[in-house]
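Per-chain residue numbering starts at 1, and chain names A, B, C and D are given in the order in which the chains are listed.
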Amino acid sequence: MTIVFYVSSAVAIAATVLMLTRVRAVHALLYLIVSLLAVAVIFYVLGAPFVAALELIIYAGAIMVLFVFVVMLLNLGEETVRAERALLAPSMWIGPSVLAAILLAEFIWMLARGGVPPAQAVSIGPVEVGISLFGPYLIGVELTSMLLLGGLVGAYHLGSRKAPHTEVTHATHP
Amino acid sequence: MLDLLWLVPAIPFASAFVLAVFGPRMRSKAVAVLGAGAIAVPAVLMLLIAAAFVSAPPAGGAYTQVLWTWIGVGSFRPAIAFYLDALSLVMVVVVTFVSFLIHVYSTEFMRGDEGYSRFFAYMNLFVASMVTLLLADNLLLLYLGWEGVGLCSYLLIGFWYQDPVNGLAGRKAFIVTRVGDTAMAVGLFLLFHSLGTLRIQDLLHTASDQWQIGSPYAVAAAALLLGGAVGKSAQLPLQTWLPDAMAGPTPTSALIHAATMVTAGVYLIARTHGLYELAPQVQLAVAVTGAATLLMAGCSALTQNDIKRVLAYSTISQIGYMFFALGVGAWGAAIFHFMTHAFFKALLFLAAGVVIEALHHEHNIFRMGGLRKELPAAFWTFLIGGCALAGLPLITAGYYSKDLILWSAANSTAGTAGLWVAGIAGVVLTSLYTFRLIFVVFFGQPATPVSHRPGPAMMIPAFVLAFLSITAGFATTPFAAFMAKALPELHEGGMGMSEVINSTVAGLAFLAGLLVAWYAYLSNPALGRAAATSRVGRVLHRFWFSDWGMDWFYDRLFVWPVVWSAKANKADIVDSIYTGLTRLAALCHRYFSLTETGRLRWYAAWIAGGSAFAVAIAMFL
Amino acid sequence: MMLACLILIPLAAGVLAWAAARWSVTAARWIALLAMLADFTLALSLWISHYHAGFATWYAETDWAWIPQLGIRFHLAVDGLSLLLLMLTFFLGTISVLVSWREITEAAGFFHLNLLWILAGIAGVFLAVNLFLFYFAWELMLVPMYFLIAVWGHENRTYAAVKFFIFTQLSGLLMLVAILALFFLHHHATGVYSFEYQDLLGTAMSPGTEMWIMLGFFVAFAVKLPVVVLHTWLPDAHTEAPTAGSVILAGLLLKTGAYGMLRFVLPLFPHAASVFAPIAMALGVAGILYGALLAFGQTDLKRLVAYTSVSHLGFVLLGIFAWNSLALQGAVMTMICHGISTGALFVLVGALHERIHTREMDHMGGIWSTAPRLSGAALFFALASLGLPGLGDFVGEFLVLLGAYQKSIVLTSLAAIGILFATFYALRLVQRAFQGPNTRDWHIPDLVPREGLVIGLMIAALLWLGLYPRPILDTFQQAAARLEQLAPGK
Amino acid sequence: MLPIRESFILAGILFTLGVIGVLARRNLVFILMSIEVMLNAAGLAFVVAGAQWRQPDGQVVFLFILAMAAAELSVGLALVLELYRQYKTLDTDVLSRMRG
């Protein structure tokens, strides 16, 4: 189990790094899916099979399909690729990396100081999760449904706008 | 009879109120009748009260009438109450009587002025305040009258308000006298704090019980009251307002700035004489102030061109004599001189008013001349007044009162030879400038044609005053006896000079002044001019003409700094603290808004940096 | 119940006037006027009916529960001090309704709503004996005042209104913090939650804490008073406000600061206040002199009058912290007389502004010859302002100085010089604006009967206060004696 | 034994990688992807915590995050499309109309 964990961790990290450094969106997207799959494995290792399945189905499946559609709709040509490549100069990475390194160092330091007690592997299946979801978290579920509805309406509204019309509104009401 | 005393201030006050509110709609005849009548009634009433007082003196030689308790806080209970004793009786009688004469004079002098009713309203208010001042039973009520007369003085100096110069003169008068009043107010606080009362009689008793002679409290209190007196009576160093006050109508100058209000300081010191006896140093200061003032003002009077300014300086000088008398402990003599001065100085002003009006508001004496024949009535009255002022021996009232003061200076334990010599020098000066004035105005060649002749309403008061200027002097002995009921007598001692020598020297001094004036201004005018245009003469002339440069000095020391700082600080420097804060906020706004670049990554970096910082704080704290 | 009426009548009448203005503006004015008269009559009857009792203690209380769990009650009560100020409130309230009769034409209904609500707030401040209610009323008078300045003010009104609001609001919050601190200290000491004034009196606390809480209250009231260095909102607000606003600001709003000092700062924190007293007195004297100097330098007539308030209220501060019967009586007397005399000056300046549409003194001059009654009245109130004996202000200032002399001779002498300074600006006001040559050839109507009535009433009041102030002094006497008892070392 | 500590560290690494992506990339699509990585990392941390305490709550919260990510992404991608239609670019440094 531990080996599986380490291997998938390494895969997740590597895939993410590769995703970050791609110039073409589709390539990056593929690496992202790999990263998500690796995390799904880790979920399984941690004894959360339900969530692992959801990660596969929803994240790596549905959401990423959405991305693919958008990338296709955008139809970014060679022009963009060249521009992206120009922007991937090392100097662009230094500042963010330093900041991120500080954050990570702090995180690890706190983790080391806090001392996490070891825990036995116990699988928590969909039953417990479902009971919990529709028990104490009922209101949360309702709120989430409303959020999703909001997202739906918002996306529909933005997508249905006619481009020239929007431009006019922007001009008059900046 | 005595219980009608409250009517004496009340009637003029009521009349002033009526004139102020309804005056503009009244006919000028009605205004004149009401204005003068409102003074005639108290004058007559006061004579009756005086008769009653003399014939049947009240117990203790004083009558007190309490109207109501004015303020009542704890033990501080000053009342609106009047106190009538020999001192206030004489003062009130003289004031109401002279006021009445001047009011009659004004009915003609002011005729046709657009502010006719306003003038009488102010004048009546003045009489009411003056009487309140004199009759006040406590120092707070006295202060009320004191400020009231100051106010009327201000209003009347600036009566012709359309000329800003008059307004400025009035303001100067009010402010300079108020400088003294401020000292006096602090004196009242001191007296109440240490003695627990402001009733004058209680005050004097308690003071003599509690304080030793020369105690610092007594000295401070007396000095502070002296400050008030000096301001009101135009003595050194606060005399500068009086010459400018001549901007007011002539009856005002006669009444307020010669006969009555300016002597309030004399009255105050006489009223509180007990304090000064406890503070011999301050009493000496009073004498020295008086002596210095009478000499300085006499010199200044010699150089003035404006007829009213000459008289103004002579008023300062004569009040200097009164202070001089108070300072040497000749309380009665001071009051006697007040009385004779009220008569002859009012007379001089009234006659001067006739001259000024006759010459179409000409004030410069060198554009007058030869008026002896044109205006004989004015000439004779002015001459009588002038002789009384200069002290023509044996005949005039001024001689007797001044003689008494000089004799007191020589024969008082508080007097010194130096003071006496200064007094005699003052007589020479007085006689010199008085006859300079008379010779220049009434003798020589006519310079301006006479355009207007006075009517009876103006001349009759002058005649009455001329009569009094002569006869009042013969009442010296009974007057002194009457005064002795209210004021302590002179502590005789000092040089012990005999009365004959003193009178002879005073008479000779008068004669010396007269002769010099005659020689320099009438017989040999070229000599006078030569003296004035010589180098020393020019310097002295300028120096004296500008009142010893005091105005110049005060302007630079007090007036300009205050005015400048007020002007410079118009926008309030403190506010710049707050406008500075708003500026700082605006500046911060400008610089912080620079961080709003609109770049998403920039914001994200801030969020990341911020969380790193927050976590660091959580870690290390 | 009667006391609640004093607040509720203006509140209700305000709404009514607003509603009535939709069909008749005159009706709105009459409603406001009648409400003020009714309140004035109520306060007067209260005064007369209790006059012989001598105002020994609180009376005519109204005590309704509001949020009793936290000790918040709708608790009103009067003693001599608050009664005097209430009468002043409704007197000046009546006058401010009258002076707005012609001046305010725009949104008159809303104007009267604001006006009456301010007055209700002020009445609430003077009546409340529950600190929460007090704070509530304190804020209630603020917002309508903001609107009064910002909507009906002169040229620079927005700046003035915002400045006024920020100053008073910030200081008010400071007071809220102090009130809460006191509340919790009291709870800590006794275990009872209470905002009641009587309960909070004598709350045990350490000297340091007492000083800090006292300063919280002091600063809040010092801004209102105003004490020098915190005064700069005042000239702007007074100058830009409409006439009624200026009258209420000068006549009443400033008095709430002084009232707060008398009602809260001294009794709640006697030790801290007595330690602080010399500084407060020095601040008062600084205000007297600095305010007078500033007034002397102004060329805007209304601004000049505004700065005189800084000077006069310096006397009030001096008197309050001199802390003896004489000075306290003087302070209250000055408060009342200043309300009337300065209020009247604002009325006159407003009347003049209505006629010649300028407040710049350089543009005036010679008004006397065309409007003698207006000018004469201005002279009268200028004289009152410079402390002429016989008029009310003198009694107040003299008593303050007499009392203060017992504490500090130097400060009293300096303050006496302040009276001299008052001469400078008062005479300058009269001479520059009303006297001198009429170079601009003004021809303006004199006071109309409505204005004449207002001014006549105020003249009569000042003369009465100046010559027979006993009723006022007697009314406050018991309260002053109680305050004096509190002074440490007594 | 579960690799709790290691999992937390993995979550941290993934999260910081997401941060780097948001900060370093200028293309909106990549930024959105990086945000997905960060959200995923956060979800991982919740699940790890849930596993440690043997409670289902961690997974419940992951579900919420999942729903939230879906909603966010649908709106975000719609905005990306709209922006590209209007400005013909997805470079966030160019799209800086919110400058103060």
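General observations
What we mean here is this: a residue touches a chain if its C-beta (ideal position, glycine included) is under 8 Å from a C-beta of that chain, and two chains touch if they have at least 3 such contacts.
Note that this is a predicted model, so its numbers are computed, not measured.
Nearest to the common centre of all protein CA atoms is the CA centroid of chain C.
The distance from the centre of chain B to the centre of chain C, each centre being the mean of the chain's C-alpha atoms, comes to 38 Å.
Here the CA centre of chain B is 93 Å from the CA centre of chain D. With centres taken as mean Cα positions, chain D sits 61 Å from chain C. For this pair, chain A with chain C, the centres built from the Cα atoms lie 66 Å apart. For chain C, the set of residues that touch two or more other chains is empty.
Multi-chain contact residues of chain D, defined as those touching 2 or more other chains: 19, 22-24, 26. Residues of chain B in contact with at least two other chains: 605, 608.
Per the contact rule defined earlier, chains pair up in contact as A-B, A-D, B-C, B-D. Partner chain B is touched in their complex by these residues of chain D: 19, 22-24, 26, 31, 92-93, 95-100. Of all residues in chain D, those touching chain A in their complex are 1-10, 12-27, 29-30, 32-34, 36-37, 40, 44, 47-48, 50-60, 62-64, 66-75, 77-82, 84-86, 90-91. Note for the complex: chain C touches chain B at residues 163, 228-229, 231-232, 235, 293-294, 296-299, 325-326, 329, 366, 368-369, 372, 376, 383, 388-390, 394-395, 398-399, 401-402, 405-406, 412-413, 416-417, 419-420, 423-424, 427-428, 431, 434-438, 467-470, 473-474, 477, 480. Taken in their complex, chain A has these residues touching chain B: 95-96, 99-100, 102-103, 106-107, 109-110. Interface of chain B with chain D (complex): residues 592-601, 604-605, 608.
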